[in-house]
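Chain naming follows the written order as A, B, C and D, and within any one chain the residues start at number 1.
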Amino acid sequence: MPFEHQRRVRFQDTDPAGIVFFANIFVYCHEAFEELLRDVGTPLDAIIASREQILPLAHAEADFKRPFRVGVLVTVRASVASVGERSFRMEYEMFDEAGSHLASAATVHVAVDPATGRSTAVSERLRIALAKHQVAR
Amino acid sequence: MPFEHQRRVRFQDTDPAGIVFFANIFVYCHEAFEELLRDVGTPLDAIIASREQILPLAHAEADFKRPFRVGVLVTVRASVASVGERSFRMEYEMFDEAGSHLASAATVHVAVDPATGRSTAVSERLRIALAKHQVAR
Amino acid sequence: MPFEHQRRVRFQDTDPAGIVFFANIFVYCHEAFEELLRDVGTPLDAIIASREQILPLAHAEADFKRPFRVGVLVTVRASVASVGERSFRMEYEMFDEAGSHLASAATVHVAVDPATGRSTAVSERLRIALAKHQVAR
Amino acid sequence: MPFEHQRRVRFQDTDPAGIVFFANIFVYCHEAFEELLRDVGTPLDAIIASREQILPLAHAEADFKRPFRVGVLVTVRASVASVGERSFRMEYEMFDEAGSHLASAATVHVAVDPATGRSTAVSERLRIALAKHQVAR
């Protein structure tokens, strides 16, 4: 099942054209990712603090369908699309209050050992946690 | 010929893992896009102020190869990959001072009439301006 | 009575030293200000859209007592300290989940006519709205 | 002598009212602070990496005189106002290309031992470095 995160479009997220600056839409996705991790019992701050692994991105992409306007309450539906040996793929669908589809996005995270800077296996506890929001294909 | 923009990685761009938060890398690309437009005589602020058209993104993607560390001077090489009737595609390659390839990115912008919110033809003066940094395929 | 807004410290708000970059603490205050305005029936987006007035800042200040750490749920207690003819002063107190005082801040907003760029009287409906969270001295 | 840093107002720094969101003006100040430290041979990234001390803010304040508009090249004049045993105060004056005074700001930084989280003496090499841009009173 996807995880849902709600986020108000803030004044400072938007630009002179009155719509959200595109890079901030990736911020919304990462917020949903942080909340999903918290929800499944492995908050990102705890993962970082444990020095076990960090989860930098190898890839990010998004298709923007409709403008995100200031004041709108956005629902980000986040799901785990796949989990590999050393990386995993997240997918995000974003909607406004009326249910209009605003954007789709995806991110690929790599498990990296902070001591060596090299990729490493996705930890067992993270693998179990991610499975809770993994969507069958 | 690609356009080159240099940008120092700032303290506030980075996260607790000590590397640039991925969404900020898209910000670096957009800065290069803004400087390219300024360089070819059609600054984005002038385009917006003219109310002729705005240039929201329909798509963005990036592959992150190496971490962007605080203090590094990043070179963003921006080029116009293609210009269609109502949209155009920008491509970005990012390097550190030693010439290491840090990331690749691309953005697709759509010309939109701010009065109607609908897509419109890329203006003639913007088309001419973009041609200066269009890269042959 | 002060207005309360809660906000999780996000990964991207923090810097390599592991604590929130100070400018983001002002962002948290402005979020509380936006939510307060929404709560009293005059959302900032509606004020801006009406072209009646904009509310830029003339002054901002903050004292930072304790670090804001990633993952912490911050409570921002916002109150209207005073409302003058053409400006008003907001005050903010920020606490972590344990009730520790993290920071104090204040902002002074000026009512400006967007057509002329000059200061103007705080609108009657905004004055009434702000009174709901004005704190007696 | 003050240190001068120049910074273009970016599209994404501005809000729907078309001017820079106030918290970003503090970002401009911190950029000038980072460049000043780099200029005097003690880059902030090197200070952080040395684990000798971190320099979080105890206080920040700003007076905003005129709007910062998108596309404007801002000059930030940064100076060291005073250096105490465990803290120092920076002052910033900001101007547009025509020399109009846009804003004044100040920040107080405390030297903190990252191992204990407690304040510590400003390091000798930082004290010497800051003296180069200290302004007599």
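As a convention for this text, a contact is a pair of C-beta atoms (placed from the backbone, for glycine too) under 8 Å apart; a residue touches a chain by one contact, two chains touch by 3 or more.
All of these numbers come straight from a predicted model, not from anything done at the bench.
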**Study point:** More contacts between chains, A-C or B-C
**Key:** A-C
Review point. So which chain is the furthest away from chain B, centre to centre on CA atoms?
Key: C
Check your understanding: If you average the CA atoms of chain B and of chain C, how many Å lie between those two points?
Key -> 32
Point to revise | Inter-chain centre distance, chain A versus chain B - centres from mean C-alpha coordinates, in Å | key: 23
Review point. Chain A to chain C: how many Å between their CA centres?
Key: 27
**Study point:** Where chain A touches two or more other chains at once, by residue number
**Key:** 11-12, 16, 21, 23-24, 27, 30, 45, 48, 70
Point to revise | Interfacial residue positions of chain D with respect to chain C in the complex | key: 16-17, 19, 21-24, 26-27, 30, 45, 48, 54, 56-64, 67, 107, 114, 117
Exercise for review: Over in the complex, which chain C residues touch chain B? Could you list them?
Suggested key: 11-12, 14-16, 18, 21, 23-24, 70
Revision key, fill the gap. Counting only contacts in the complex, chain B reaches chain D at residues 8, 10-12, 27, 30-31, 34-35, 38, 43-46, 48, 69-71
